[in-house]
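Going in written order, the chains are labelled A, B and C, and every chain counts its residues from 1.
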Amino acid sequence: MSRATALSLRNLSKRFGNTEIIRGLNLEVSSGERVAIIGPNGAGKSTMFNLISGRFAPTSGEILLNGQRIDGRKPFEINRMGLSRSFQITNIFPKLSVFENLRCAVLWSLGHRYSFWTFLGNLKDANDLAQAWMQRIHLDSKSDVLAMNLTYAEQRALEIGITMAGGANVVLLDEPTAGMSNSETERFIELIKSVTEGKTLLTVEHDMGVVFGLADKIAVLVYGEIIAFDTPEKIRANPRVQEAYLGTLAEQGD
Amino acid sequence: MTVNRHASQPTAGAWVWLGFALVLLAAPWVFTSNLSLTMLSQMGIAIIACLSYNMLLGQGGMLSFGHAVYTGLGSYLTIHALNAVGLGQLSLPVSVLPIIGGLAGMGFAVLLGFVTTRKSGTAFSMITLGLAELVFAMSLMFSEFFGGEAGISGNRVVGQAVWGITFGPQRQVYYLIAIYTFICVGLLYAITQTPLGRMLNAVRDNPERVEFVGYNTQQVRYRAFIIAGFFAGIAGGLGALNFEIVTAEVVGPARSGAYLLFTFLGGATFFFGPILGGILMVLAFVLLSEITKAWLLYLGLVFLFMVVYAPGGLASLIMVNLRVIKHGKLRGLLPSYLGFALASLLMLAGAGVLVEMIYHQQLDAALGPDLPFAGMVLNTAEPMTWLVAGGLFFLGLWFFEQVRRRFAVRWTSVHTDITRSQAVSS
Amino acid sequence: MEFFLISMLNGLSYGLLLFMLSSGLTLIFSMMGVLNFAHASFYMLGAYLGYTLSGVIGFWPALVAAPLLTGAMGALFERQVLRRVHHLGHVSELLVTFGLSYIVLELVQLVWGRVAVEFNPPVFLQGPVFTLINHAEQGLSLVAGHGGEVCAAAEATVRVACTPFPATRAFIMVTALAMVVSLWWVLTRTRVGLIIQAALTHPETVETLGHNVPRIFMLVFAMGTGLAGLAGVIGGFTFITEPAMAATVGSVVFVVVVVGGMGSLSGAFLASILIGVIQTFAVAVDYSFLQLLKDFGVSASVALQNNSFAKLSVSQIAPILPYLFLVLILIFRPRGLLGTRDT
């Protein structure tokens, strides 16, 4: 069964001055797939995300979202076309409450645009959706707490909430479990699984246990190129990958 | 189905608005002198101007050095409209003319705001500065519109007197200003509770994230800029009616600086902060400037102090202390507050004497060495006077720092107590 | 012809003065991310201190002492005030320097009064350094010092145009060029300069290497304000020393910095020279749109002749030219002429 291609990266490259970070990257992600991006530090994973989400424009190559070109577009345009991302360093609205954070995340997708003639309190759709998401990420007891006063794990959960609440179909999660303890990570992975049900997911992860538990496919990024893109078992057995990781993959998976 | 607690809750806030309306209504009955009436009128104008400025600063995180461009151009267009009414070319009641000022402010904000909001942060501030200087410099070039050195004057007692109101007496002007103030404050508050208002806050806090939830940050800023320009223009229009003359200084850098200074002093982080700021602005310009020539120096020093130690302004100081009172912790802080007051008094006495003596020697030396100061006569020729004054100042400064250090410790402990008690109760 | 040459030199000297100021500002901005709103206030301080000190210890000692004193005050401000608001963000830093500008202005007025003071250049800098003589018969020639009898003699038959170039202006150019060279040398050839360059982009790394980064910031701020003070001493006796000097120069310097590209020294240099030269020429040109029409043989209607815009001569719009540049640059090239960073 062939599914539609949600995200397509063709011959993507990015150069900063004289340094080429991404070189000739190719990737095709099918709709509904969960892909984990792994690779050694400095391989270019964050840069890849930044290229897809519009933070940087590629030096050359194409990025297609659901068949439409998004390379070179502004982040808000890409977001409106159905792609959303979270950040490795928590990127929320610190001086707004948890509820307000989520409400901000849904306003555009619900079509409220730049309205200054409707009251937030009367926007039933926005308020209900924000409330629902608050419950999904288990922060409804902290509804009025300012985001900057949450614990780290709670902030990461809020980060995911903001990313998902807008209703994007293609989601990029940049090291979602960064800085969490093992128990926190386990719970967080369950949260990610439940909120990204049916969505196309790309996630950068270092924790191999997470990767193998969450991903349908794994893409291995080394020196700005994808050297392998396959199911977890095949990746584990891939000699090139083993070489890149000096054997750590084979040990961790057991 | 759970009731959504975040739906509008009108009843508690309604009393505040009612109180506000009553204050506006009753103020001239309490402060009856002519000077008071003039000052109250100016305060209403200043409140609208500062609130419109805070839409940029406090709500949007945009530090503008050129807000007077919009209030000033609003003033100019309004006074031209007023003169047109007087000549019979325009048949509008005088009371509606400030809205023309508002439209002028809005129009210029549409024009200039497009270039201004393309950048954010420090670059934005620099652009506002450059545009303000541009307009100010132009004001000396086009004398038909700007009136050159003499400015443009007008007469507000023109046109149709609706219900017998001619706007001749200051009292009538005050009530017109009061009505506009009430409506504008209400509208500006309402806007903070709308999607644009909230996203403006989000842009202030994290412009990058805003893009990633689908909003174009530049559009958010631009629209807020236009709305702020509208209300700025209304304030300018009311000013034109109030003073019946508009000179180039209304678009000048001093005026822009004043909006910044006093909005910040009043408090940019709370909605009512700029209201305090507007009141302070009029008090400073009208009363403080009469007391001492060096009032801008004192103001600058207070401003500097606030930026470092109380960046939320007077409003935040009030709110934080209200919170302390609510939790019954005020008694522990009272000695520190008394200490601050005493130290400030010493510093003020010392510095005040020094400043006045210097000005006396500079300007009034022909009158002899004696300077009357706070009921005493000081001899400026005596070196002892200088030493005592200087000593008082440094003593006050040292004392202030001692109190501040102890206060900082007490403050933190009060706050930890409060946070702990809140965590327990929730 | 001589008009063009002298105006060009005048423009260059003004531009170099602007660069002395904008380089300090750019240095501070590049290193610390702080746009020093009070930079022109240090310019003013330098002028007034130079005025007072030169009356006490003589010109040359004052030329050294006044900038050092100004830099010291800058260092004091950085340490006691600016440092405390670093953690609050750029808006707070800008506000703090904004407040300082008010305070310095009021203090200067308190100490030296509200009227301009007579800060005269030293004897050896008074008068022109050379004079261009355009003799109707003998052509263009250059004479050191004053034009002498040739200029004084007002002969009706032979037309002689004498255009002097003031020594003070030449002094500005010499000092500014010396400053540029020494700045370049310090930044690229000394150990301190290398550390400063590193702290520019990676302050934390530099700190972990054992360097006292806060002290480096203070040093850079002192350097920047000291440069402003030096510009102040020279500008003070070349132009005018009065309380309004900070405001008039300050806004142009900010325009220079934005037009050149914030954070770019070479951009500041280019923009300073450009704005300096263009504004100097503009002030001297008395041409208006109406005159342009007349020269082309186009007759203007009465309404047009009375139009404010059309009657404006170039010299009248000279004051707003820098700000026009600012707006144009922001529309067509927002990152400035040679800017690299985007904010």
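One rule holds for everything that comes next: contacts are C-beta pairs under 8 Å (C-beta built on N, C-alpha and C of every residue); 3 or more make two chains touch, one makes a residue touch a chain.
A quick note: this is a predicted structure, and the numbers were derived from the prediction, not measured.
**Student:** Based on the averaged CA atom positions, which chain is farthest from subunit A?
**Tutor:** Checked the centroid distances; the maximum from subunit A is C.
**Student:** For which chain is the distance between its Cα centroid and the global protein Cα centroid smallest?
**Tutor:** Central chain: B.
**Student:** Could you give the separation in Å between the centres of subunit A and subunit B, each centre being the mean of its C-alpha atoms?
**Tutor:** Measuring from centre to centre gives 44 Å for this pair.
**Student:** Rounded to the nearest whole Å, what is the centre-to-centre distance of subunit A and subunit C, using the mean of the C-alpha atoms as each centre?
**Tutor:** The separation of the two C-alpha centroids amounts to 50 Å.
**Student:** Which integer distance in Å separates the CA centroid of subunit B from that of subunit C?
**Tutor:** Each chain reduced to its C-alpha mean, subunit B and subunit C end up 33 Å apart.
**Student:** Once bound in the complex, which stretches of subunit B touch subunit A?
**Tutor:** Within the complex, subunit B touches subunit A at residues 2, 4-9, 190-191, 193-199, 201-202, 205-206, 208-217, 219-220, 223, 227.
**Student:** For the complex, give me every residue of subunit A touching subunit B.
**Tutor:** 53-54, 74-76, 79-80, 84-85, 91-96, 99-100, 103-105, 107-109, 112-124, 127-128, 130-131, 143, 162-163, 166
**Student:** Can you list the subunit B residues touching subunit C in their complex?
**Tutor:** Checking each residue of subunit B against subunit C gives 61, 63, 65, 115, 118-123, 125-127, 129-131, 133-134, 137-138, 141-145, 253, 257, 260-261, 264, 294, 296-297, 299-301, 303-304, 307-308, 311, 355, 358-359, 362.
**Student:** How about subunit C: which of its residues touch subunit B in the complex?
**Tutor:** The touching residues are 35, 81, 84-85, 88, 90-92, 94-96, 98-100, 102-103, 105-107, 110-111, 113, 247, 251, 254-255, 257-258, 262, 308-309, 312, 316-317, 319-320, 322-324, 326-327, 330-331, 334, 343.
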